[in-house]
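Each of the next two complexes has subunit A plus one other chain: subunit B in the first, subunit C in the second.
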Partner chain A sequence: MTTAQTSPEVPKLLADRSLPKLPGVYRQHQIIGVAIFAVAACLILPRVVTSLSDQSLMNQWTAYSIAAIGFYWIFGLAGRFAFCQTFMMLLGGYISAWVTRELGPQWFLLGLVAAIAATAVFAALIGLATARTGEFYFAIATLAVTEVGLIVFPKLTSLTGADGQTIGISPPQIGGTVLLTGEDVFWLFIGLLTLVLVVAVLLERSPLRRDAIAARDNGPVARTAGVPVVKTQITLFALGSAAGGLSGAMIGHLTGTISTDSFGLSLSIGIFLMLLLGGSDSYWGPVLGAAFYVVIPQVLTSLQAYETIVYGGLLLVVVILLPHGLIGVGRSVMVTGRHLWQRRTAASS
Partner chain B sequence: MSTLISLLASGISLGGVLALVSVGFLLLYKATGVLNFAHGDLVTLGAYVAIWVIAEWGLPSVAAYALALIALFLVGVIVERIAYAPLRKRPPLVAVIATLAAAIMIEGLIAVWQGANPKSLASPVQNVIFTIDGARIPAQEVLIVVAAVVVLAAVLFVFEKTSFGRQVRAMAADPEMAQLNGVAMRTLSMLAFGLSAALACLAGVLIAPLNEVTPTFGFTLMISGFAAAVLGGFGSIGGVILGSIVVGLVQNLLGGYVLQGYAEALPFILMFLVLVVRPEGLLVLKSSRL
Partner chain C sequence: MTTAPVPTGATGLDGGPGPALLEAQGISVSFGGVRAVRDVSVTLRHGECLGVVGPNGSGKSTLLNAFSGIVEASGTVTVAGTPMRLGRPRVAYDQGICRVFQAPQTYESLSCLENVMMSSRNKRWSGFLGSMLGRPAMRNNERDRVERARSALTVCGIASRDDGPSATLTYGQRRLLDLARAVNAAPRILLLDEPSAGLNDAETRILGEILTNLKTPELGIVVVDHKIDFIDRLSSRVLVMEQGLAVADGPPGDIWKDQRVIDAYLGRAADSAQH
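Moving on, here comes the complex of A and B:
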């Protein structure tokens, strides 16, 4: 068990047991994890959540999860602090509402696709324009995009409706079936969330993730080693923004309205909170964080007036005390448990 | 002609306020390497503290301003203790997120304390209006320019000539080396947060009498301040002051004549364009921290 042994023994020892067996990325069974999540959500949630308001919250959770997963790609993986995720949600919402208004409610899926495509293209353009900016400047530039959007959207009345308020968006409709009840919508939304999670898994297993992390942690070295830093970051920015666009479109069709008021700064902070509270180094983090974000106001009903203070305080506490979020807490609990177990079995043998 | 004069006057006075906002912001950035997203809400808080002092204690407006400045210095120190000190050893982006959290906490506290209805702040030169060539110029705008010139000259003096200024510049140039050479990081960062918050407060009480005060007005002002700082290259104080005046004039002249209704969007578009063309800012004299 020691390294002081003669050298020919070392490879054998390494192969044996001196190093813990780290699961390779293909052995982590991520697809199975997503499948279990989807099945469990489909089996449990519709039975537990029955009231109309709770169903609407549950659907909001799936939509927010998708936006937050997008932000995980942008910030967690690519390390770009984009302030414009709510802008992308807003844009996606308007585009999808516009498509179903112009072509008819049966084109709902086309609306979603249009929202995804428009936000991806728009984000790619912004990403290209800001490719040379450092991390703070990127944050400020995307903040500028959001602010300009909040001022300009209400003036594009043919797209966004009077004063930037699109109302009466048609409910989701697939193959002639209109999804009116919260439960019907849930089946669609959990399907969409599962799809996005599958994309997240594929991304997790792709070289893009490795490139992104290298570019995030040490850009100049990554560039020297041949990593296409700019391309990687723009790809993830566009992908994450497209998830934001999808989420915004879903929220629009879920609630029937899209307006600049509900996609302002507090939702931006909400998205940061979802990712950081859940854990910014795993695609499960944003899903968990979004659940908390939706549930907290329900639990703390007496604190309604203090909502922003609570969110701000929570964000502060999370940033200071839980750098890896709730997922990180779970992980360290598991690691400690495993250590204790190993020590016990080692002591007893 | 009279429109031009009054637009110029309000452009320059807005520039003066933006200069106070962005110099406070830059001072903190230089001393600690953190972009303080709570800066705008400190502007708001300053105006509200002054309003509250006048309403509660009936003090004259200048005394209320002075009390607000002291209060905001303390608030700045508190923000440093809560949102920055525990995160000093973490990546700067983490501290930025913490200041963002502090920002919405301050905004929420203001909304609970004062309500969301617009309020107005009294000024010593409330109803005085100068008339130049038919253009009506509120005396408040003149007061803003005078106050901004005096205070910014004082800041420049402190920055260039005093021990505190030397330490801040040393921290900006090389934080590790500065600390090895005996710069007391702890004291310096508390002082920098306090002074920066006091500058924010000054900007707040100066601009507040011209507009109505709402819990979010400072945040908007801060983003214009970002634009000014970016235009000025985020390095030299002189550059940032210049950038502030450019933003103020662009917003008023271009917004007043050509793009009515889009005036508020102009600083952001300008800033975005600058970041696209010159990712290091327009006036980069020395290597800055960004």
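Moving on, here comes the complex of A and C:
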């Protein structure tokens, strides 16, 4: 009787008890990127940005970044063009201001939570009502929501104040500590931005991202493959709107005032520009775009009369020449650098 | 695979009539004033592969669209005895009807693996709250989905592409990726719309082998194609359509001798040549 020859693959196969590897997107160390960003921002920005006006801009940047990341979830990831992000910011601002006015400034964090919850629920209702509409009609419907909001809010005086202007909103307060200075507020706001970025990372490394891209790129085929297209799009619309609500609440407590004038159509377009400038295919795009959006007009103030033209021209150049936004430039530089490095190491070996 | 139990005595698998898996009665589809499919009734049995042929515009793809819920249709469809609401892709998916489209429908922003994983029937911990709050459970279920998707890629002969970008696939590989996505969804009924279109002879042969390997006593396949030899090799029964109507239905050997089929395919050419 001859001894059967065992294939060398068999022992390896029997010994291999490893779990199946997850898709590549799970193995990217995005969370480390967020940690590096947060640490760098905490170490550098408070030392560089010292004047009161610049600190105010810096805090605006964090708030706008959160609103723009929300818009990235709605438009960049889920592919739905919503024109109501500023409406959500306004609603979030009013809700948070109302909570701290009614319950006291010490309930600041509850105000933020209420703003997030209210905008998420409201967005989910809009999402359900417009679930079967095409992209164009969804955009128009959300634009209508914003316009109706701008008319209705001034009439809800018990919530929004006279003429839709809430003034005297208390500054952020945590655990009995009132955050009065720009730097104090920055620590809170950069913490909130980091939290939102962590949510963005977890979202990128989840089945929801895959479903969202499937729904965005080819909804009909995604439906036949069992992807819950409507549910996914409503979820991301609610999530993105909640980020808008949080952003609005932050701005309210930062500036002490919320009014319909500051959250009109121009800011809607501004948020779209933040995403477009930064790059609409990454959650880092909105953060970069918001910085660009906040800082550039300040830099260009010296040009006074030409400010609008130069600003518009810059936007035009970026949009035409950089279809993937500023983040795309960074990505190209990294890829080129990696190629050069690989070529150099290959040549030296 | 999630499949319906096969009743005792089922033959199917090209060995004769098994129990009905899909029964469609009086299916009609209209686009405005145009009736693309007119009162078509067809039965697909467990383990059977039904070929659908006909000239361009005869309503073959539209019939598949009606079965997969992509278009609104009238008539009745039952899957393994359960009535199915028409015009709802998700309902069709839930009933086990999976579709491969005429043109490859690859998601280039996703990897090959992700393209396949999306059709998984395991949806546990895949929503927002599951993804945020139940990370370990979500990851375990993702591993399950990965394992299954890798099997589907292997069955369809493109396992080597796995986690690579789908944007770099050749046309033929994209077709196989679509097939893997459908296979991953554990179909009871697989609808293939011109799967060999755009493939050369070697690729068509490989596709035929893959589809032959997929055949099980539970799975029903409906394949629309223009390559008659491909249909002949694969199908146990052929449905011929012309101008939205089902004009013939039977074994391939009989179908090609049927005068109505000859008229549908060749008649007009012969007529016009005579005139």
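By definition in this document, the second predicted complex is superposed on the first by the 294 of 349 C-alpha atoms of A that agree within 3 Å, B and C clash if a C-alpha of one lies under 4 Å from a C-alpha of the other, contacts with A are read in each partner's own complex, and residues count from 1 in each chain.
The criterion applied here is as follows: a contact is a pair of C-beta atoms (placed from the backbone, for glycine too) under 8 Å apart; a residue touches a chain by one contact, two chains touch by 3 or more.
Nothing here was measured: the structure is a model prediction, and the numbers come from that model.
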Touched partner set for A:151, first subunit B, second subunit C, both or neither: first
Which superposed partner A:239 touches (first subunit B, second subunit C, both, neither): second
Contacts of A:122 with subunit B and subunit C, given as first, second, both or neither: neither
Which of subunit B and subunit C A:220 touches, first, second, both or neither: second
Touching partner for A:269 - first (subunit B), second (subunit C), both, neither: first
First, second, both or neither for A:206, with subunit B first and subunit C second: second
First, second, both or neither for A:71, with subunit B first and subunit C second: neither
Complex interface listing, subunit C residues touching subunit A: 68-70, 89-90, 92-94, 98-99, 101, 105, 107-111, 113-114, 117-121, 123, 125-128, 131-132, 135, 138-139, 142-143, 145-147, 150, 163, 181-182, 185
Interfacial residue positions of subunit A with respect to subunit B in the complex: 81, 129-130, 132-137, 139-141, 143-145, 147-148, 151-152, 155, 265-266, 269, 272, 276, 305-309, 311-313, 315-316, 319-320, 323
Subunit B to subunit A touching residues, read off their complex: 35, 82-83, 86-87, 90, 92-94, 96-98, 100-105, 107-109, 111-112, 219, 223, 226-227, 230, 261-262, 264-265, 268-269, 271-272, 275-276, 279, 290
Partner subunit C, residues of subunit A touching it in the complex: 19-26, 199, 202-203, 206-208, 210-211, 213-214, 217-218, 220-228, 231, 235, 239
